[in-house]
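The structure's right below; bear with me while I get my questions together.
Chain lettering (A, B and C) follows the sequence in which the chains are written, and residue indices restart at 1 in each chain.
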Amino acid sequence: MNFDRHHLLGMEGLTREEIETILTTAESLKEISFRDIKKVPTLRGKTVVNFFHEPSTRTRTSFEIAAKRLSADTVSLSANTSSLVKGETLVDTARNLEAMNPDVIVIRHSMAGAPHLLSRMTKPSIINAGDGMHEHPTQALLDLLTIREKKGRIEGLQVAIIGDIAHSRVARSNIIGLKTMGAEVMVAGPPTMIPPFIESLDVGVTSRIQEAVAWADVIMMLRVQLERQQQMLFPSLREYSRFFGLNLETMNKAKRDVIIMHPGPINRGVEIHPEVADGPYSVILDQVTNGVAVRMALLYLLLGGKKSEMAD
Amino acid sequence: MNFDRHHLLGMEGLTREEIETILTTAESLKEISFRDIKKVPTLRGKTVVNFFHEPSTRTRTSFEIAAKRLSADTVSLSANTSSLVKGETLVDTARNLEAMNPDVIVIRHSMAGAPHLLSRMTKPSIINAGDGMHEHPTQALLDLLTIREKKGRIEGLQVAIIGDIAHSRVARSNIIGLKTMGAEVMVAGPPTMIPPFIESLDVGVTSRIQEAVAWADVIMMLRVQLERQQQMLFPSLREYSRFFGLNLETMNKAKRDVIIMHPGPINRGVEIHPEVADGPYSVILDQVTNGVAVRMALLYLLLGGKKSEMAD
Amino acid sequence: MNFDRHHLLGMEGLTREEIETILTTAESLKEISFRDIKKVPTLRGKTVVNFFHEPSTRTRTSFEIAAKRLSADTVSLSANTSSLVKGETLVDTARNLEAMNPDVIVIRHSMAGAPHLLSRMTKPSIINAGDGMHEHPTQALLDLLTIREKKGRIEGLQVAIIGDIAHSRVARSNIIGLKTMGAEVMVAGPPTMIPPFIESLDVGVTSRIQEAVAWADVIMMLRVQLERQQQMLFPSLREYSRFFGLNLETMNKAKRDVIIMHPGPINRGVEIHPEVADGPYSVILDQVTNGVAVRMALLYLLLGGKKSEMAD
């Protein structure tokens, strides 16, 4: 194994070997969640702080469960209960947390670069759980794990990412991770949702979902941020759904062994139709299960755990 | 012992033998909370998710303490921090939780039938912690435990339930449980708060609190939902208190060995007067203590624990 | 060691010997937070309830981490999730919590005297985590620990407390604690922020920050409660900062070995300027680290732990 990083800030900069170490570690930790006693003593006496400035079910819960299954102690702070309401700066809050000697701070923040800022100011390991429209690396890693698990490999696969590419940290982290692992990527979405200079990332582009679906071994649907709809990136949800929603008709052109992914939470009937989300190609819930495994792996690797400690 | 259910959705359908198993298990687990070290390793490595869509102190805290005293890991989600704010459906949120391999999901929801819906869609054990105006079975079970503890039996006792019967899940679950256990039930309240067809449940009805109080071995007062007062089910709180509040004068007609129960939180001076709530007949705080014991018993029974594991 | 109290309600009434026992215990527990495995089994099976009615990052988190490092179970209630939204009284909520057999209730409340009230009504140990404008004893104790650690002693030191003395529970608890330990205290602030009869506490008073700074071995800056500014205790933040903010110019007159303290969260550029908060005299983050140690010591002492149990 080859992993001596202290933080996980983004997919940017991770080597292929590092990603493979994370995925392989996650695969070996995954079975703990299927045991009768879902707990190993590996991280006993470690303190993991979940510091979330944006609402989240699955990511916060996933980190909390991952930490607890490794026997770490967890403390959760959300924006509305923290001193931020009193006007303290992010860095001051983080330094204060640091002074309580946590081992890891998991941070989600609306400001791009917030985790990077903290990593330069504080000693504990920082894990980026989503920073603005920048990166969401643990999502990309759980997606990569799911692809490797379902398809047996990542290299050479054709992956279509469909939706609001321009504003999605999930898309950005996945593009970086997929390219690093040797996959081909095509993005599809309305022109207002395709970032300029996207071709410079060596990524194909189309405005026709049919083209992307027909080409893909893996389809990643992005969530429509309903809360952002007032920006009028597209005329109406109905129109978005008609042109960019994944439904049974669109799926007619897909490969037989395609898999369909979505970072959740899904908007049924908007970007993905129920018969597809719940259908045989969907691996959406496998992604959630792999999320716990990937987060266990990261906590384990960042805290320098030793393999021998993992037995219970 | 005889208990092989996977869920606890309501009092409806529980047999007398099953209820007795729960109560007896609760009685034997209760003493753990009075030890110096209030913890047994029985449910180590189990994950209990508390998923609460309505505010609650005692129920959520009670479940959390119950789980921790059995060494289970707990994760709490409330409506305002969950993805529900992003428009995800209840079933999708539950399936996502399920994908993280919890052993139990404890759910409180404003929609009647929400726990039943989840129990049909997901694998973990579902415990109903209150669903709309439908059921609140752990409240009924802790009430039954308290009655059995204080009166030595349930069968044949005369139990008066006083207040807003029509809109109370506590009343509903208690009526079902009490009848199953062989008690007699009389309900009392203003006519607007008595559900139609109540007699079909083989329950007595009166609109005079004095009649119910004089008849009862056990008096269960219901909470006035102040937040529902705008529906004008009664003219004013003052009037409600005068006609249906339990005070010392009303208690004059009660039996000498009556016990007074309330599911809490109490509205002092509305449905119950302080001198009664804090008086010698009140077992309100015993109910809270028994709440922890009943929830420990349910977690233990649903997760199939073995008696021999309970020693510390 | 000499400590047989059941509650920690305030600095008022604590003897010098008791304070020294707390500080010495905290010093010995502090190193646990610097171990690789930051956890001892001392309070396994104890239940600590954090009951916070006002927002707080550091105090709640500090108590939660302190409890977990001693292996206690923790449950957190905040005002908005508790039954208080349903109109229950504080005493009823506390009695309900008590009925679940916690060992300690840590309470922060906007009402002065709330912890004292609870301590008379309930059995568990009560720790005051801040009550209105009355006391904040764990803050004073962590401040005393920091002073003793940095200066080698408390007796005979000259301590300046600067800011809104009249409305600060931190100031009040510190004045009592410092006087008990034999320090000299001078307070400085605008006349509207100096309480009447302050001299009766045997405390010096000045309205010139320069005088206080030049005199002090220890400078404690108080937080400006921005949310209270509408009361017009001073004309503007800019004016406050100019006359009572600690900046490099004011520090010119300070002793060479002075230390600067602040209870946090700091308002950068208001009561303290960044170059001072982050400068060499600042011990602000040491205070936070000592906060965990002091809270561990209190939990340990109140629950009557034995020294021999502290080994891991």
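Brief remarks on what is shown
Convention: a residue touches a chain if its C-beta (ideal position, glycine included) is under 8 Å from a C-beta of that chain, and two chains touch if they have at least 3 such contacts.
Quick caveat: nothing in here was measured; it's all calculated off a predicted structure.
Homomeric contact chain A/chain C: same residue numbering on both sides for under half of the interface positions. Matching the C-alpha atoms of chain B with those of chain C calls for a turn of 120 degrees, to the nearest 5.
Centre-to-centre, using mean CA coordinates, chain A is 39 Å away from chain C.
For chain A, residues touching at least two other chains: there are none. Partner chain A is touched in their complex by these residues of chain C: 33-39, 55-58, 60-62, 64-65, 68-69, 78, 226-227, 264-268, 285-286, 288-289, 291-292.
Of all residues in chain B, only 44-47, 49, 73, 75, 77, 80-89, 92-93, 95-103 touch chain A in the complex they form.
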